[in-house]
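As written, the chain order gives the labels A, B, C, D, E and F, with residue 1 at the start of each chain.
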Amino acid sequence: MLTEIAALNAACARALDTGRFEEWPGFFLDRCLYKVTTADNYESGYQAGLIYADCRAMLADRVMALREANIYERQRYRHILGMPLIGAEVDGLVAVESSFLVIRTMRDGQMLIFAAGTYLDKVRRNQTAEWRYAERIVVCDSQRIDTLLAIPL
Amino acid sequence: MDQAVRHLSAGAWPEGLTRVPYWVYQDPEVARDEQTRIFEGPAWSYLCLEIDIPEPGDYRTTTIGAMPVVVARAENGEVVAFENRCAHRGALICLEDGGRVKDFQCIYHAWRYDLRGNLASVAFRRGVNGMGGMPDDFDIAAHGPRKLRVAVLCGLVFGTLSTEVPDIETYVGPEVMVRLRRVLHKKVEIIGRFTQQLPCNWKLYMENVRDTYHASLLHTFFTTFRITRLSHGGGVMVSDNGVAHASTTLAAAKAPDESYSGMRADNQALKLQDPSFMNAVAEFDDNINLQILSVFPGFVLQQIHNALAVRQIVPRGVDSMDLHWTYLGFADDPPELRAMRLKQSNLAGPAGFVSMEDGAVGGFVQRGIATASNQAAIVEMGGSTAEGAETRATEASVRGFWKAWRAQMGL
Amino acid sequence: MDQAVRHLSAGAWPEGLTRVPYWVYQDPEVARDEQTRIFEGPAWSYLCLEIDIPEPGDYRTTTIGAMPVVVARAENGEVVAFENRCAHRGALICLEDGGRVKDFQCIYHAWRYDLRGNLASVAFRRGVNGMGGMPDDFDIAAHGPRKLRVAVLCGLVFGTLSTEVPDIETYVGPEVMVRLRRVLHKKVEIIGRFTQQLPCNWKLYMENVRDTYHASLLHTFFTTFRITRLSHGGGVMVSDNGVAHASTTLAAAKAPDESYSGMRADNQALKLQDPSFMNAVAEFDDNINLQILSVFPGFVLQQIHNALAVRQIVPRGVDSMDLHWTYLGFADDPPELRAMRLKQSNLAGPAGFVSMEDGAVGGFVQRGIATASNQAAIVEMGGSTAEGAETRATEASVRGFWKAWRAQMGL
Amino acid sequence: MLTEIAALNAACARALDTGRFEEWPGFFLDRCLYKVTTADNYESGYQAGLIYADCRAMLADRVMALREANIYERQRYRHILGMPLIGAEVDGLVAVESSFLVIRTMRDGQMLIFAAGTYLDKVRRNQTAEWRYAERIVVCDSQRIDTLLAIPL
Amino acid sequence: MDQAVRHLSAGAWPEGLTRVPYWVYQDPEVARDEQTRIFEGPAWSYLCLEIDIPEPGDYRTTTIGAMPVVVARAENGEVVAFENRCAHRGALICLEDGGRVKDFQCIYHAWRYDLRGNLASVAFRRGVNGMGGMPDDFDIAAHGPRKLRVAVLCGLVFGTLSTEVPDIETYVGPEVMVRLRRVLHKKVEIIGRFTQQLPCNWKLYMENVRDTYHASLLHTFFTTFRITRLSHGGGVMVSDNGVAHASTTLAAAKAPDESYSGMRADNQALKLQDPSFMNAVAEFDDNINLQILSVFPGFVLQQIHNALAVRQIVPRGVDSMDLHWTYLGFADDPPELRAMRLKQSNLAGPAGFVSMEDGAVGGFVQRGIATASNQAAIVEMGGSTAEGAETRATEASVRGFWKAWRAQMGL
Amino acid sequence: MLTEIAALNAACARALDTGRFEEWPGFFLDRCLYKVTTADNYESGYQAGLIYADCRAMLADRVMALREANIYERQRYRHILGMPLIGAEVDGLVAVESSFLVIRTMRDGQMLIFAAGTYLDKVRRNQTAEWRYAERIVVCDSQRIDTLLAIPL
């Protein structure tokens, strides 16, 4: 199972790193919560996120906006993921924690530590028995975002 | 380029308000003058929210330009502020974003300050075993960090080192005060805090905030989903001194609108799979969808549907700045309204559907003008004055910014 | 040290061409003057390859020193170039490395430009519902980014803001033109693109390129495998204005050569397990193994056996620069020749066996001279003039660089 | 198998990180392709590489040159590797993709994100049944190289 | 703030030694003057340990301020030093921290230097095949890097470019020489080397070292475990020229001590689970627990119980510096003493229980004074002179630092 | 076993990254050696460390000092760990090597590559059969420490 969850995380990160954003919502269940926040906000109990989606449709809309509506300079992410820590299973949902690091590379080649932090996930098998995210809270260590956050973390 | 590439010639300024020479965004001398003449000068700077420091002993740290500042609630409940610099050898007195204390103690040599920033005691002032210590004539009362004049307005805390600048309401002006009170009409609650670092001069961001012309052209999302279009009702108001502005957009007419046809920004192909998050909850008894308000030099208040936020602009260098976002709700938000605010937090902020571009466009200008410091921007949309208008197809409010800036810079 | 550590005194210059004061690599004032007097002055700068923009509407972005530039192919097939800065408020007009467009539209307020950089339209020029918009007397034709003068030479695109500088062939000079045509005698094809960031002043790299003295001493690989040695035939040519240079190395004499014995660079112990990649395919009907050519200020053309490349030098600051490599083949390369180019791509570039050191040595100088700004480099090998010679045991071409540099800087 | 491939990647990276360059060619088959390129070049179909070797002997020559011929300031790499994604097997060659991050530390202690990207590998067991690289295309996210590329990635 | 935010006005200086204007920590002009007037001026800078270069041909590289320097052991065993800059075109002559060589060869064009830094040969000086090469009148003896005057003192190597500065013992002064000899009384051995990068002006760190007032107030660990308290015996000595200082703390009186009661620094609740590492081995026949010694501009010698170290201060910019730590033992340490040194390495260094804060506090000051360049620090503890005292409740030694600094800067 | 050791490393790193310092000494045996040094020091045979503890009590004292005595600005670590390389077992102690990367995030959100290097570990099962560190030598690639080293690596 550890390997399966690690593979889920890796595949999800790979979809983002290779620019195949359309595949990204597919790693989530229809009814899900995806939020990007920071450790300070998380600890203060502030509910808002930089990105906040309470269903997969909102994730799809985010991707659509990135493709069709929003302007941002060409950039790539590279996720480096830590080993997942599998937590308790509560009514079918398995809690998982994984460290992440994202390096952002801009069009001109400039590389930057864009984000580091923890994924606080709740995963469940879907109808076809594949692990999917029912919840993913992206808790960034830093409350500072360079320029903008376009591609999801 | 990693450095200035021009001999800059601050001082020369074109006639009128319709041209802005590019050296204002590049010259380190200008940045230094701004610190003394604006941030430490006759201007009111936003410091924090009153709810950040509800009880006596609560404090919060911030900066005015580059000056570190402590804001605290004194024993008598008064809000006070002082420079975050120890009178002894200059260390920061407070190292945290905020907290609650009985008094302040510098970590370096344990000099103590009361909640108002008055030097209260000097460690080993009398020495030890009759040796060392401070001279007897050392006058504790004569030393301490610089004190600020503070004003609390609709739950916002402003501060200034200036004794000349008029009171905050006069500074903002009656017309914009109405707009400010419209939004901050009851107790707010913080729902998120983020910092966005922008690769541009701080003035480029403030111009962007005041630039009612760009929104529907730069932000496709705005236009396509008809959140704000120049063809919608509303307008812009600017205080006489140029210091404050507010722009509004009325709810969209249902009628078809061809004014953007053919423009990149008008992409009728776009459809949301979950349009629910656009169903804003009506919470202000008017039909204003969107109101952006600013107070010179660095304060912004945002209402985009139910997405409320305060933004604080802090320069970091000629080509870098921090934008501190505080996402707000009201303390008495009913659940469905609060839920809508969370969903609509997708609209603004560093990842906002309608604000993401604002994080980058200042950098595009900074890079575009790299070798154009002796050229000038054209700020002529809507004429040459800084007066409000019933349209947003104008740069009047941007001109108002420069009116206020030049007055303080003496340029 | 993270900052300059001297009072610099640009202006003072030693007699003749044999000394170069170190402040030229350190003084920010000098860098600023270079931008205006050289990069925006009477000099031709390399912009891109003609094949980068084959069809009308194709464009590519680059910089001349720090100035952002768009190069485009106009409707009539002409190659044009203009500053990448919007006439309105200065944003970059193009944000991509290149592409194909019908016209250019600034993202900020949607002002449009035709392929030549002429301002074509202003969004909401007439306002909305009779309000706002630009003044009636606003003259679109009177505004736009700075246009460049463009020259296409052997598939290379050069540009300049200057109307005085003579045509490109006169600028390069007849002798070096022959060398340029020798390599670029037919249609090229791009086989790789890389950027190398060097921790040195841009002039240290250009000197290195023109420095025929160093190659066989710094690059052991050159010497040991007898790619180029000072004892080999060939020489260096420098245009009268010092602007252009070309150095050549003839195929090695088979005879033993003791001239390097005992030097680090001569390591006869070295043996390649796969020497095949040194079996260059003869493609130029002469016995020149290696030819390096440069055009002031920032263009380099390389032929090292079958490794062909164009290098573009872009300063980033007094102690930083970008080197843009474009690895080339010919469109009609037979497979075995193309295969050899790929293998020989190991010779040059950021990881090149015979060029790796050039990426570092400029930084070694920058650090070595950290506190020596009032000292000077000795550039006396091969005498004191900037004339070509039948040997590479000379710094004549380096002196030529300074001849051209001082002429433009008026120093 | 996932673990075996991950171990191959880790061992290869370790040889480079610990300065045991001579061991590095041993992770490749005699007939192999090793190329360092960038995402932009890869997507443009440009064939040339910063480093290009079409046999193990060329890898050995690269190491020899680093030891004997080339001058570069003392530096170390630290590879941090992602979980390999095992792809299809085509006539005995298994396709593998792994994310990488390389931190370069210079003599004076300065640390830098030197490279991030993906290894596009084709692996096969050698005669002694150890996994080896038949092909390794190092695709860097950034086209920018700081100072020089001496030690292979 | 990423840049200076003030117009700085070096030159103006308050009366006496009790005020230090904050621009001294901020002004790039001051930093440049310090390089020429102090680091390259009449001051002795620490270069390395004599044991770093035991044999002829051994060398080590370092810097004096920003000047790169090579220290070497000549054939005759003499210790010599010279600027690490090639006489030809300025490359670093040595690229390693140290090593052993027969002579020095610049990698760029293979110019050779003997162990004393004399230019010995020029590659291809006579050209090749009768062409190229240096002019016949080129005088090798007339060129070479700047040589340093060197002094070896108790196994420490110091160097200076100045011929005026008196010999090192006079420079340090008799009183502090005694303190220096007390610690370095026999052959040392290196047990660790680390570099700590501090976000502050180098003078803030040197003040911290000389600041006997702060130790027990900033470093809780010191106070709580009674390593040093102002109530302990000992004192501070300062050389007449202000150049050198030494402070000492005698073993704690066993008596209870209320002088810190109520201060943050006095946390009697703290208990060590393994107090064994505080059981210092008595190795100096006196009851001095702790001695800190410094020599202007950048040398520090530390004895904290059995934790011995040399620290070298190297400025990197107005707000950045490197601190090079060399942890020491004696060559003849018995095992239990060496074991205790290893345990007590936890006390000092970048992670030291009683020094960690010193790495950060300079940055707290640098940030605290960001916009206070026209304000001044108060350095009045213990009076207004720079004379030694029998107490550490004084800033006399800090005043001594400024006495020396101003003398050299002519301020 | 590889997975168990990887889990030990991950859990230890997580305790530090989440600020639960008090748990950290628990990953060591009572009698243990913990040392933070650098590659240059290690190769030179210099014995001293930036942090040096020869028993778990000293680790606990370090944590106590960080909580009660030392002043340092608020900061977080994020460890990203490589796959452990299991070495020989010598009288009950298993040698393990793992690469690490630590990103430090300061109160103001500034992120920095704070350290990268190798953990040279010796692990053993404790009485309750859990893997614990008998020895952990933290060998940093860089000899440069930014500002200070408060939280252990």
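Here, a residue touches a chain if its C-beta (ideal position, glycine included) is under 8 Å from a C-beta of that chain, and two chains touch if they have at least 3 such contacts.
Computed from a predicted model, the values in this text were never measured in an experiment.
Q: Using the touch definition from the top, how many steps at minimum link subunit D to subunit F?
A: The fewest steps needed to get from subunit D to subunit F is 1.
Q: Of the other chains, whose C-alpha centre is the longest way from the centre of subunit E?
A: Checked the centroid distances; the maximum from subunit E is A.
Q: Report the chain whose mean Cα position is at the greatest distance from that of subunit F.
A: Looking at centroid distances, C is the chain farthest away.
Q: Same or different: do the copies subunit A and subunit F touch each other through matching residue numbers, with over half of them shared?
A: different
Q: Centroid of subunit C to centroid of subunit F, CA atoms only: how many Å?
A: So the centroids are 48 Å from each other.
Q: Which integer distance in Å separates the CA centroid of subunit C from that of subunit E?
A: 44
Q: Note the residues in subunit D that touch 2 or more other chains, in rising order.
A: Those would be 71, 73, 80, 101, 108-109, 113, 143-144.
Q: Two or more other chains in contact with one residue: find those residues in subunit B.
A: If we look for residues of subunit B contacting two or more partner chains, we find 95, 107, 195, 218, 357.
Q: Identify every two-chain combination in which the chains touch.
A: Pairwise, the chains that meet the contact rule are A-B, A-C, A-D, A-F, B-C, B-E, B-F, C-D, C-E, D-E, D-F, E-F.
Q: Okay, in this complex, where on subunit F does subunit E touch?
A: Of all residues in subunit F, those touching subunit E are 36-38, 40-41, 44, 46-55, 57-58, 60-62, 64-65, 68-73, 143-150.
Q: Would you pull the subunit B residues touching subunit F in the complex into a rising list?
A: 95-97, 107, 195
Q: Which residues of subunit E touch subunit F once you look at their complex with the stated criterion?
A: 190-199, 218-221, 224, 267, 269-270, 272-274, 277, 322, 327, 338, 341-343, 345-346, 349-351, 353, 356-357, 359-360, 363
Q: Could you pull out which subunit B residues touch subunit C in their complex?
A: By the definition above, subunit B touches subunit C via 1-7, 20, 22, 207, 213-214, 217-218, 230-231, 259, 263-265, 357, 361, 364-365, 367-372, 375, 377-384, 389-394.
Q: Please give the residue numbers of subunit D that touch subunit A in the complex, ascending.
A: Of all residues in subunit D, those touching subunit A are 2, 39, 80, 82-83, 85, 97, 99, 101, 113, 116-118, 141-144.
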